[in-house]
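Should a chain be cited, it is by its letter among A, B, C, D and E, assigned in written order, with residues numbered from 1 in that chain.
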């Protein structure tokens, strides 16, 4: 699979609204659960036939319908048909390559975003999971690629009536789900931040040939985060400004808080991008430095011995008439001359700071 | 022909509205077809005289008039005159260098865009085809450079009454045609994405001298896509916002969907641009690395043997008085000294990590 | 004269509205012509005394007053005074360094822009000519630095009553004049585009030392075009939006067409800028490549022969006790050793792909 | 701790409004003081039980409640509950990683920003302190990480009735506190500016290997300032525009003044960023220059002596028939030839400006 | 003093509105003059006691009060108190580090900008002078750091009743003063432009080691101009749009003209920035080229003689059994072989274009 561009072209040519599941086919069946609660009670239902879900649409209590698994197109189509969702959205729910977005139909709000986490096995890989939320006045439907643990604590708090979740409406639940996801982004950006720190230390102290590959990987990861988090700003800004009637005024301030967190993450992404660019420059200069050092060693050796080699070559010649050859002190004098030359050159190189 | 700038200057000096066909002259005649349909029936007409088309303008059914071939200016002028199109648009239809744009005359909407595909023979070349659409309440006229297969499946679906095409109006047909083109962009960007991946692997493992040319080609292709797809955003945004009376409210959501796809493609183009820039840096650093390696080999060889050569030169001299020459063990001792020096230097280079 | 910044500071300190001719003083007198036309007739007048022009101001027919030559300040001041133009504009007309701009006084519109063409003698130099237009309901006044041939075909079409020029007003004539100029920009950008193509081919196949100077020159020319064409966007956008009462609604669509052409040219300028930047990178990498090659040759030669030279040096020593010297097969054995070493090194270099 | 990304992920999963103190735990208890003043008097109260503070909420005089220390969550929660602050804000007060921001609730304005100062011990490190302000018509509450001296002079001026502080309202006090912080930013940017100057001098005169690390550090610091000061612009712009009812019209002009200072600092940050980028280029070019110099020395030495060494090697050969060996003046003639060659080469190198 | 960041932090901690003179203390006393004029007369008054100025505030004639010297804070405070200026502005007048800005109080407009000129002694240094203007309906007050000659010609024209100055109001005088300053910017940018041209010629023909320092200096100067001229755009745009009641409609067109000049200067600054960036690239490539040349010389010399040296070394060996040594023609044959090798290598290098 392409690393930078997700493959969606298999869908090309199909009519719009055709829900095609893009992404890895997860094994097993789709798990459907309904958590129905109001101020006084909360009951959880494990659903085996999607039609059992339909009755929760109009109950006065808040119902959180969670669908874990996107490969059962039929199930999602039935759900969509009963709740009256636009067929184009079904397409976006199952197409894991689609971009974070928000659509506000007056009777429901449709949100697509990404859950990002480090790979369980290879901490250096970022795994993205496609999440969709549909919320109305009385229900929230969440679609995930697989059963996740990010939403579990919220589920527990509703059941145990901890905090204010039970007292508030479906919009507040939607906020809490998005908040949980954004909170997790912090962990990711911190992890990249730490790796950037480590790489910078390495770079300043003992840069290696592979350091540039690490910088490149970190840049790509940062780019990856940027790509998925950036569109979230518009989504949260829309919710925060209270443009949807389904978001109560008092919930607006909470969405604003998540919005601020997103801005903070974007700030960090910007900072890391700048730092990584600077590190690239330092890497290139460290390479130049190293080359300089290699060249200096070569130059010092060659410049020191090449003239001397010439000199001894002179007295290796076999001319019949070379008076020096017969002088008594010629040999020791030559040594003195040669050592003198060597010392002069060493002093010269020292002055140039090459030694 | 220029690769980066399409030639249009032959037109300079002609009065406005002069339709001049810019582009390769395609052989053969222009094919004109009319597909007339409503909820109950669909009939296809092969047109041999352009005047046969005129009667479809005012039929209550939806008529899709498709003109495959732009070189018969006369035909297009006749059509334009009868339907009452502004002469400037005829110019844009046949000038294949003109930029994607939208013009909303109250009684009809005029759209120019590009069909992009990989060259049939050289998969690494992107071919652009100039497409114009004019749609009104009851008809859609499509102009293409040559008979294409991108619109064939839509034609089939209308004839076979599959999907909802027959139930909807001309604006929906216009949407389907644009959607088909945008879907095809995905294939292109994925193809570039795959090539980027391959090149990146190559770059990280065994960069070659030509890798930079591949990077340059991919950058140019990416630039090419950007140039043609970017203006499409404004076109689709205009249609999606419902600013034209000819786009029904319910079709707006479909145009919004294509709009989202365009944004997604632009995102990918941005990502690839950044990745390709990073790869350029890595290429340059890999070149430096390679140079470093070459220099190290040279330095190690030269620094090792130059001093030794000097030493053996010393004892090749022909001075009469060189006591060492007559010592019994001088020769083996010199060997020991020389091997010792060599080992010292090797240890020194090893410590510097040059070996 | 400065290449990048046009000299205007001689004007500093003069009161505003002082018309000072900035630019080369063109020889000869200023040529003034009036072309007076309506639907039925067109007459051309060669004017020798500027006062003859004044009567055309209020005729019901359209009058195109063309002033070819800007150095007769007195003439322009008389004209301005009679027609009631603001003195600041006279300054802009004759100051050839002033920037493209539009000023909409209710009774007349004042436009400054640049005619760009390749130098007649040195095709690689771009020559800019300062053009001003003033148009009202019944007249258009054009000011040029010298008699140009760009407007001649329009003049001919009016006289020969070809096309729709005679049927339309002064705003349409203004449009045609601007359109002629913008059409000419295409020729320029195509010429640069072709040179970029050639340079790219050169760069990919056999880069030379001077290639970077060509890239630099093309970048400067592209910058030059950008500087003069960019402000035209705002001018045409103003005219196209119909913000001036002097532009009729039906002429708006024509101005929009020129506006689109300007955008298309700006697109091309952007593309070329990106391509030229990329070419700079390739040039630098090609330099590195060449250096690598030089270094490899040096390294191969040096590493091959330096050890061998040491070896033959050893047996050139004059020690009394060197048993090898007296062995029967020492000399041929040494040759075998040396050839063996050479082959080993060649294999090593081959494996490193240096050969 | 990460250098570029502040750690906040420990909070992930907690419900919103949970005040968790992010940052170093400062030793000792939280100091709470109230400075109550009006035109005629000013009294300072050291508070030991937070409940003593509550009565100041509704006094007609202005009360400045300052909380020095953020680790006593309980205390801040009590305060928030009594004054009726939104729980989300309590979170922002104690989370020292949160971004500068402003929230305008009609009855109070909540502002978060950063106090930046050079580290007391290591002048090259910038220390940031998290400050929050809440002001209403009659009170200002300031939250700081530790007792700071930046606000002391303001406290003294109120007590001593110096200046106009006592005559104005809570909004003016808020302005003075922010002004004190922004004034301090100037000191920081000047300190960086001076270091940039020093580094530039070093770079132009005698660049060292470590200079690039200094440039990198200064870039990071500049980035750090930018990150914290940039959001302040929006905050001050909001206050200056008079969008909050709690800011009196006459105080607006003061906020505008601080706003201008912030713009001025941002200008300086921009300038330094550009200068530092330019310095990076100069550093790289100085490295190249140095390499050039090393290579020239090597080339001069090698090119000078290698041909000579060859020549003396020729006459060191032991062929039986080498007539030159027996010539009377061969040796001195050879010396003349060799000196001549050397001189020629030196002249050649001199002409190339390598010496 | 810092070069890039002007020192203002000495003011930190002082209450707002405290006028502290930031900048060099100019020797001598402050010169105050009043030029009072209307359509019929103009009288100039040298003022020795600031109180003499006060009576000009309310005269029906236009009064130009010019203060040359900013170090007499007391004088400026007295003036401000009598005319009723906001104390914050006094601060901006004397703080020469403050940024160009405009403040429109309904009864007066306050403008701060910079007079830039080349240093009288070192033409390569740009000197900035801090200028403030306050104008109302009947008076203009100008504050300068020292008596300048930029405004002298305007003074002369008023006295000699030349031009239209005497016929117009205070807003027109303010325009003329700003126009004089902006006109002077042209001289500066042209001077930089000329230096850029010279440096480019140098770079293309015979780049030197110091060229990069010149480029760096020109970049810094350009940055410097940008920093001071950029904010002027907003100031002039404000005045030109007629948002202030103190600017008459007919003066608006004049401010628009200065605004256009500012845009033109900004255009030039942009162009120069791009050209200078390109020159940096060329410099770096010229360094690489030079290195290439050095390396080629080394490689040619070394590759030519190292194999030959080996060869002569072979026949310098002292083996007892070396048949070649005793051949009659061995020596001349060896010479032929060596010359042949040399020629081959020279041909090889020639083909590689290294010679």
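What we mean here is this: a residue touches a chain if its C-beta (ideal position, glycine included) is under 8 Å from a C-beta of that chain, and two chains touch if they have at least 3 such contacts.
Here the structure is a predicted model, which is why all the values come from computation and not from measurement.
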| item | value |
| --- | --- |
| Co-neighbours of subunit E and subunit B - touch as defined | C |
| Magnitude of the superposing rotation for subunit A and subunit E (Cα, nearest 5°) | 145 |
| Centroid distance [mean C-alpha coordinates] between subunit C and subunit B, Å | 26 |
| Touching two or more other chains - residue numbers and ranges from subunit A | 284, 288, 291, 295, 298, 302, 306, 309, 313, 316-318, 322 |
| Chain contact topology (line, ring, star, complete or other) | ring |
| Chains in cyclic order, anchored at subunit C, direction fixed by subunit E | C, E, D, A, B |
| Residue ranges of subunit D in contact with subunit A within the complex | 2-5, 7-9, 11-13, 15-16, 86, 88, 91, 97-99, 101, 103, 209, 212-213, 216, 219-220, 223, 227, 280, 283-284, 287-288, 290-291, 293-295, 297-298, 301-302, 305-306, 308-309, 312-313, 315-318, 322, 324-331, 334 |
| Subunit D-facing residues of subunit A, complex | 153, 157, 162-165, 176, 179-180, 183-184, 186-187, 189-190, 192-194, 196-197, 200, 204, 253-254, 256-257, 260, 263-264, 267-268, 271-272, 274-275, 278, 281-282, 284-285, 288-289, 291-292, 295-296, 298-299, 302-303, 306-307, 309-310, 313-314, 316-322, 352, 354 |
